[in-house]
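Two complexes, one shared chain (subunit A), two partners (subunit B, subunit C).
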Partner chain A sequence: MKNTTALYCALLLAGASLTGVHAQTPAAGSKPTVAAPLAPADLYAALGEKAGIVRLVDDFVERLVRHPRIGSQFKDTKPAALKEGLVDQFCQLSGGPCVYEGPDMAELHADMDINKGDFNALVEALQAAMDAQGIAFAQQNRLLALLAPMHRDIITVH
Partner chain B sequence: MAASATAGNVQVQVLDKEGRPVPDAVVVVYPSAAVAPVASNVTIAQQRMRFQPLVTVVAPGSRVRFTNLDRWDHHIRGTPSAGAGPGAPAGTNFEMRLAGATADATGGEADVAVHEPGAVLLGCHLHGSMRGHLFVTDSAYTLKTDTDGIARFDQIPEGTAQLRVWHPEQLVDLPRRALQIGAAPVLESVPLSVVPRRRRL
Partner chain C sequence: MQYKPLSLLAALALASPLAQADTGKLLLTGGVSSITGTAGGGITPWAVIGSNATEGEWGASAFTTRAVTQDYALTSYGAALAWNERVELSVARQDFDAGAAVALNGIAPFGVQPGQHIRMDVLGLKLRVAGDAVLDADTWMPQIAVGLEHKRVRPGSLQSVFDFLGADTQSTDFYVSATKLVLDKGLLLNATLRSTRANQNGLLGFGAGAPGRNSRSLQPEFSVAWLLRRDLAIGVEVRFKPDNLQATGRAAGLGSALREDAWKDVFIAWAPTKNLSLTLAWADLGRVVPGITNGRRQSGAYLSAQVAF
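Moving on to the complex of A and B:
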């Protein structure tokens, strides 16, 4: 139940955050899904900075590739490459000194046939990884809130 | 009555299992007197997470250049196609990492030489959803279908010929058809036994 609650929390927060992006961004941003200005204060520190994010992402990706439902989505991707991209993305999103330079989320997921259940499975794997890293529940929700708006670009099967 | 010595016209439309046109299918015609295809140099770009073009047809002896136009790296691989047919050309298992483009310069480039007919699946180690196809043909009369699912040939010699249709998602090879090419245009419609997935964006 905790997981489900957290997801809905994150989605609610995400809605609020996204409104914020549009209010703050005067011109059409090229990458609305990687919005560094949204980073809440000290989330980067709460995640254990770069080293903590690397540990988190290592665990997260291992859970993804072994996942009974969505593991097959990653079978043709080198885990190291996936980790590299996620570390940069989480680091930047949380206010750390990183720049994610990969494809935007829509381009990256366009041909993957991802539905809402797949997306939720990934969120749950991330929550489990954050639990395993001892990241406080409130901090988990702050990261999820930054990631949740991406579902608009990632889910292509309704 | 003298038979016309001019080449016949052959138009082939490829349809999916539900009757809709299939673009990017490969249509190969083999006249009774085989005509070898001519080698060429082609470029397959990696752009916005896609292989452009999605399907590339070349002759044995061709040089295929991969050029990364995205801002991030790609790690291209070529492996035997899962599709039916003669399998991958010998010596075309390859992989290479191509650096991303910058504001000032295009990204990494690398060449692959293909020597034998067959189908190669293109992918990327970094972005597992990327797919492309390299079809090395053994007939000069080879075309991809257009957005209407049609391949139009205008120079096929008269006489008997064999027709082959290849599509990466058609895993069970379709039987070849015999064609009789004369003065009148030949119109063929070939259904796949699958419905290929549709690409988004």
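Moving on to the complex of A and C:
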């Protein structure tokens, strides 16, 4: 009986180590990936690639310009230009093949009075737009995590 | 005197002439109201400043919480006032149904009344000193706050037991909290370190006569919450506590009758609107004066409602 138990344990251990080796082999063989982009490429896919991002930004900007709290901040902004800039930004940040070439975020917001509550209202509008596009909550948070640090350049009133 | 701060702050919070209509915090990022009134999880403060108010805004919140275990029950209610996502002032009143304590009369003629409740008032002050738990998503730097909780307990006919144990009826806890939302994972982490003399959060007084511990000790508290949706979070908490009274009880021949354990809970918090959150938890309070409860661990449901502006 004891022998059987010992044998069983040995088999289990052997099985475990074999499984371990097997699991490690591909990882050990693969080369380390090239410098990680800002986001893993699958976020770009999760946003529906360029077409999905265009739909998202169209809806987002519509929500911004008629927002009761922050809509007036966009009265001097051309929606088409805003959309183009945001599409490039979201696309690039999410690992897509785009380059944002618009103005520096700090420069862009320097003359505006934007407090943290305004910034959060913008985040909520983006969340609502992502909901409307059917983007999963976990994916929404991955995009927000890339955008949130911009608060340092966007919030001008503390 | 004990009543004034509570009613004043409650009036401010509920009438909220100071709280603005259009406050701008993101949903659930102000935490919920802990049992001591300050913003956090259910049993531990977080570094967040409560209410819906963010920078440049005034906000207020009010809450009530009920927890029932095998032998005890706790009702807590209170309010908090927040300014500029910087300072939070909170008050809470706790009503602890300590009816089980009548059994202490079998140990000595303490004169404990049947159905005795222990009441405690908590005045809290919290100051955010650094960081932004939510928006600084590209660094590991947490939001950090320091705070205090001044507690006064009124044990009623249990005063004789407090005297016997050498437990004081007032003391102040000091704490530092660090809170970080790992935004891309929807994971909120909090660690709090508390300097305290409190026995069972203060409901059994503060400190103990020799050979129990009468001095402060540092106790860690942890929360982990996972955002399932913007309006829904689940999580776990653990709060370590001193075991000041046990040695006093042992010296009095009571064995481990006064042993105290860590508090733990698992919770789900739901914010159906910006102004309302509901928290349901299962709390394990460990042993609470096990000498009069057959050594049972105290566990049970915890339900809390908060309104915030």
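We adopt the following convention: the second predicted complex is superposed on the first by the 121 of 158 C-alpha atoms of A that agree within 3 Å, B and C clash if a C-alpha of one lies under 4 Å from a C-alpha of the other, contacts with A are read in each partner's own complex, and residues count from 1 in each chain.
Note that contacts are C-beta pairs under 8 Å (C-beta built on N, C-alpha and C of every residue); 3 or more make two chains touch, one makes a residue touch a chain.
Since this is a predicted model, take the numbers as computed values, not measurements.
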Will subunit C clash with subunit B on subunit A after the two structures are superposed, or do they fit? fit
Is A:Q127 in contact with subunit B, with subunit C, with both, or with neither (first, second, both, neither)? second
Under the stated touch criterion, which partner chain does A:D118 make contact with: subunit B (first), subunit C (second), both, or neither? second
Classify the contacts of A:A138 with the two partner chains as first (subunit B alone), second (subunit C alone), both, or neither. second
Identify the partner contact of A:H109: answer first if only subunit B is touched, second if only subunit C is, both if each is, neither if none is. first
Among the partners subunit B and subunit C, which is in contact with a greater number of residues of subunit A? C
Mind working out whether A:E101 is in touch with subunit B, subunit C, both or neither, as first, second, both or neither? first
Going by the contact rule set out at the top, does A:K75 touch subunit B (first), subunit C (second), both, or neither? first
So, A:A148: does it touch subunit B (first), subunit C (second), both, or neither? second
Of all C-alpha distances between subunit B and subunit C after superposition, which is the least, in Å? 18
Under the touch definition given earlier, write down the residues of subunit A that touch subunit B in their complex. 73-78, 81, 101-103, 106-113, 156
Going by the contact rule at the top, pick out the subunit A residues touching subunit C in the complex. 69, 115-121, 123-124, 127, 137-138, 141-142, 144-146, 148-149, 151, 155, 157-158
Touching residues (chain side subunit C, partner subunit A) in the complex: 22-26, 54-57, 85, 132, 134-139, 183-186, 227-230
Contact residues on subunit B for subunit A in the complex? 48-49, 70-72, 75, 100, 123, 125-131, 197, 199-201
